[in-house]
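Okay, so subunit A shows up in both of these, paired with subunit B first and subunit C after.
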Partner chain A sequence: MQSFRIAYRNVLRQVKRALLLGGAIAFGFFIFTLLNGFTGGLLDSVSKNFADLSGGHIYISGTEVSNLGSEISVIRDTQTAESALAALVDQVLSYNTRSSARASLIAGSKQETLQLEGVNLSQETDFIDSLHFSQGSAEEFLKNPIGILVPEKFLAKLGIEVGESIVVKTTTINGQQNVGDVIVVGSLKSQDLFAPGASAFGYAHIEYLNKLLDMSSSQYQTLNIYLKDLATIDLATTEVLGALAQSATVKPREEQTFGPPSPAQLGFGGLSSVAENERWKGTKFEVTNLNDNLQGIDALVGVINYTGLVIFLIIIVIIMVGIMNSYRMVMLERTAEIGTMRAMGVQKAGIRNIFIWEALIVSFSGTLLGLGLALITMAGISLFNFGIDSSFSLFLNQGQMQFKLSFLRIMGNILLICVMSLAAAYVPARAAARLQPAEALRAV
Partner chain B sequence: MKTQAITLGRHKTMKTYFFALCLSILAVLSPNFAVAQASENYEEILVNIDKNTLFTGDLSATATLEQRDPNEGDDVSRVQMFRRDSNNTFLMLFEKPETKLGQGYLNIDDGLWFYDPESRQFSYTSISESFGGTDARNSDFEASSLALDYDVASATEGTLGKFEVWILELEASNSEVTYPYRKLWVTKEPNLILKSEDYSLTKRLLRTSYFPNYAKAGESFIASESLFVDALVENKSTKFSLENISTATIPDNVFTKAYVERVNR
Partner chain C sequence: MPIAELKDVKKIYPLGKTQVHALKGVSFTIEKGDFVSIAGPSGSGKSTILNLLGCVDIASSGQVIINGVETSSLNDKQITHLRHEVLGFIFQSFNLIPVLNVYENVEFPLLLGKIKQSKAETKDWVNHLIDAVGLSEWRTHKPNELSGGQRQRVAIARALATKPSIVMADEPTANLDSVTSQAIIDLMKKMNRELETTFIFSTHDQDIVDIADHVIRLQDGQIIKDYKTNGQVRQEPKLAKVSA
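After this line comes the complex of A and B, so read on.
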């Protein structure tokens, strides 16, 4: 403890040097922690937003082949689809069924296209909370069987008000043109996905949308499952696929293609034709999950994290060089002092420990300062609400930037900085310890 | 006993014949029977329309699309069209406007492809998709298959302008045709469509098409002028006209992706 006390006193004796070294460490740690927090929060926000948009974490979809050989997107065998839920025992938080269509909303001479999701709000109670109404309410939507919710911007584009009746045109699951009347019962603050021109989402009752799609009210296109624990998502997906494979045709995971949906999936154009030798009977099920959709985001987060790590390592190397040079100078400055201490009986290890403690105090204080600054900055940024209609709203949680830090990761980073600082200080510390007392005393 | 039995049997047989005859007469007189009989004849009109507009050879022409769209603004497109109905292939290359120059729709064995000269890539598209965002649909440029896709639900005689026409109400015979219900105004001799109303599955009018002019190409007829009027979006319409119609044989390599790429170099 004697070495620690002397080291602490030495740090206080040379505050300017300690501040410069500690400040450099604090800056590096601040940047890296901020990046870690940003990417952790970004992944969480995107996962939540995607889950809200898609209606779940795991998605069971189905296709069948028509008499004319076209691929039709529908689950008529709902019993088999729902029986797969039993495979997840008590992992399921909730589930819901959805249909969707690319639809044109027409009012007079104005026309706008959106992705219309057929939802059952009595099944999706959590979904209601994620909607941001600018006009109207979930209750009004629930009351009106032909009511739809549209993005706020659509009201102006179509020149209509909430409560007005408009025409919706879409294509049935069989590729036929169909038209219906709907009433706009609410407008939503829209989330612009990634870029201008990306899909806007509107919501209708699944029973009504099914009618437009030429499906019965009990059928649907996807069965979406919310899990209690997202960590088990890939295992749960495999279990569901395995359960479906026991009684129906399934598309193996390795045959699934991920990425942007095809025009047919989005409802553009008509149907895909299935080659005669590849046709199947009944419903062919496909099971995908949130991770499949987030592959691109995962890669982005990975790139940001690696970039952060590289920056962090460069800063550490610069700091190590700084520490090594600083303590070499310290050794030269304190040669007489070291000689005196050695003459008074301080052992080599004692001299070395003083240098090592000094480096440790400076680096540890620097990391704490950097961590503190990062936390304050995160808290400050979190207070800003960028609005859910901003162009990067998909990365935000209710319009606010979310940060998420892992305690273990922070501890690991602090440990890394301290160990690297010790390694850098060790060489001058050992050199100081090896100074001969008689030689050192000549410097007095 | 035996004779009586035979007599009774004959009597019963006679009664059965009489009953059957009455039923037949009633059936012939009933409206349903009349429609069924009539439909059979009107199906022939659909066959004639398909036949009259079917090419066994090749057809090339310059097509002009004039679009009136209150949302997107007015637009004029010109495409070079190559059509081979014998194997259901076609190629359309945009010449106008500048923004679409080089874009192409190529319908070959493995489907309908859209070529984007900017990315120099083909992407798979669908036959039901609207053509270039207009009221015309890609299926409008395919060989007519009315007899295959539709049944005649009702038929009446009438006039359209100075023409004596059959007015046919059609119902799709399969669930995958773009328009489940159609109403056609067909000239009597030869059988050609002058006007068409296309309806949705909920029987709402989606568009009205007019074909005022036909050109003779070999033994067949081709609509040299068509007008598609959107019934849902007010003031939206597309006019389609053909010029420089030729029935000369088109080289096979025209209906290839390589050709589309080559003309874009």
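After this line comes the complex of A and C, so read on.
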């Protein structure tokens, strides 16, 4: 502990130098921690927003081959689909059923297209909470079986008000055009994905949408499952697929095109026909999950993390060079002091440890400072509300930027900085330890 | 048994393409409890002898025997241990550790080896040494807050902290005025008598030389006189032949 005491005092003796070195380390750690927190929060926010939009974490969809040989998206064998839930035992938080359609809203001579989700709000209580009404309310929607919720921008484009009746046009699962009357019971603050002009979502009751799609009220297109623990999502997906495979035809994971049911499956842009030799009987189930949908986001997060890591490594290399040069200077400045300590009986290892401890104190303090600054900055930014109608609302949690840090990752980064600093200080430390006492004493 | 002994010790320093013969075959013995002065002009080899006796340097040839141990047979770790256990050092430029205060500087050598005494005993001993060198009021001051004489007193206390058999002092008064120099030498002499510690100091100041019990006079790397201050010449100098 003598080495540590001397090292600690030495750091205090040269405060300016310690501040410069520690400041550089703090800056590097600040940037890297901020990026880590941002990407961690981004993934969480996007996961939650995607789960809200898609209605769950795991999606069971089904397709049939029609009499005419077309692939249509519907789950009529709901008993088999729901029996798969048993495979997850205690892992299920909640589940819901949905149907979807690409629909045109028509008001007089004006027409706008959106994705209309048929939802059962009695099953999706959390989803109700995630909706941001600019007019109307969830209660009014629940009371009106032909009520729909649309983004507020659509009301302006169609030139209508909440409470007005409009026509909705869509395509049934068999490819027929169909229309119905709906009443706009609420407008939602826009939840643009990535950029203005991307997909917008409207919501209708599943029973009503099913009628438009030519499905019975008990049928649906997807059975969505919310899990208690997202960490088990891939395992749970495999378990669901395995359970379905015992009593029905399933599409193996490796053959799946990830994401929610395709437009063709949902009847958008016409039905696709199935080759004679590839047709199946009954419902063919497909199971996808949130991770499949987030592959693009994962890649983006990976790129940001990778870029952050490269910046971090560059900063570390600069810091290492700084530490190495600083301690070479320190060794020259303290040659006589080293000689004195060696003369008094300090072993070589003791001299080396003083330098090592100094580097460790500076680097550890620097990382703590950087971490503290990053936490304060994150707290500050997360207080700011960007609004849920901002163009990057998908990346936000209720309009606020969310940061998430992994304790293990922070510890790993601190350890990395400290180890690199020790490596940088080791060479001058060893040189200092190897000084011959007599030569060192002559440096007075 | 002598506490320190040099037998035909030579020391050659390389200086570019030439060699400097700092010691040209020096032999002498020092008895326990002696107050020894190594005197001579600059460049006569005083510091080289102290470095060899202090085991901070290695002789080019010959034997250096400290406390009965032939030092050339020891590795670096053993020599460092010997320095810590047997030797104390006082330097011309004081060489106190600047980040430690008076108490901590004196305590420092005690914390390097295996703990032989309790914390309370250590504290008492350090305080005793500080009191003995007259720095009771300066215990918590850093070296840069002390005068040259005070710093050298700290150095004396520090050199005695481990109760060494021998204390080496390389021109301990060179940076001090004459009054302070006399006080420092008196203090060393007092410690020499009270603790029976052997003191070996180098100086070129004739006034201080004569205070010693045993004087070794050097010139050009050779002993020209080795005598007790009662006038008894202990060893006739042997001048070695040295090739250029």
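The rule is simple: the second predicted complex is superposed on the first by the 436 of 444 C-alpha atoms of A that agree within 3 Å, B and C clash if a C-alpha of one lies under 4 Å from a C-alpha of the other, contacts with A are read in each partner's own complex, and residues count from 1 in each chain.
Here is the rule we go by: contacts are C-beta pairs under 8 Å (C-beta built on N, C-alpha and C of every residue); 3 or more make two chains touch, one makes a residue touch a chain.
Just so we're clear, the structure is a prediction, and the values are computed from it rather than from any experiment.
Within the superposed three-chain model, A:214 lies in touch with subunit B and out of touch with subunit C [touch as defined at top]. By the document's definition of touching, of the two partners only subunit B reaches A:167; subunit C does not. Set side by side, subunit B and subunit C differ in how many residues of subunit A they touch, and the one touching more is B. Contacts of A:385 after superposition: neither subunit B nor subunit C is touched.
By the touch criterion stated above, A:110 is placed in contact with subunit B alone, subunit C being left untouched. Of the two partner chains placed around the shared chain by superposition, neither subunit B nor subunit C is touched by A:122.
Look at A:295: by the touch rule set out above, it reaches neither subunit B nor subunit C. Listing the residues of subunit B that touch subunit A in their complex gives 70-71, 111, 123-129, 172, 174-180, 198, 200-202, 204, 206, 232-236. The part of subunit A that touches subunit C in the complex is made up of residues 2, 6, 9-10, 12-13, 336-337, 339-348, 350, 436-438, 441, 444. Of all residues in subunit C, those touching subunit A in their complex are 51, 54, 56-57, 76-77, 80-81, 83-85, 89, 91-93, 95, 97-100, 108-109, 111-113, 158, 162. Residues 66-68, 70, 106, 108-111, 167, 169, 171-172, 174-180, 212, 214, 263-264, 268-273 of subunit A are the ones that touch subunit B when the two sit in their complex.
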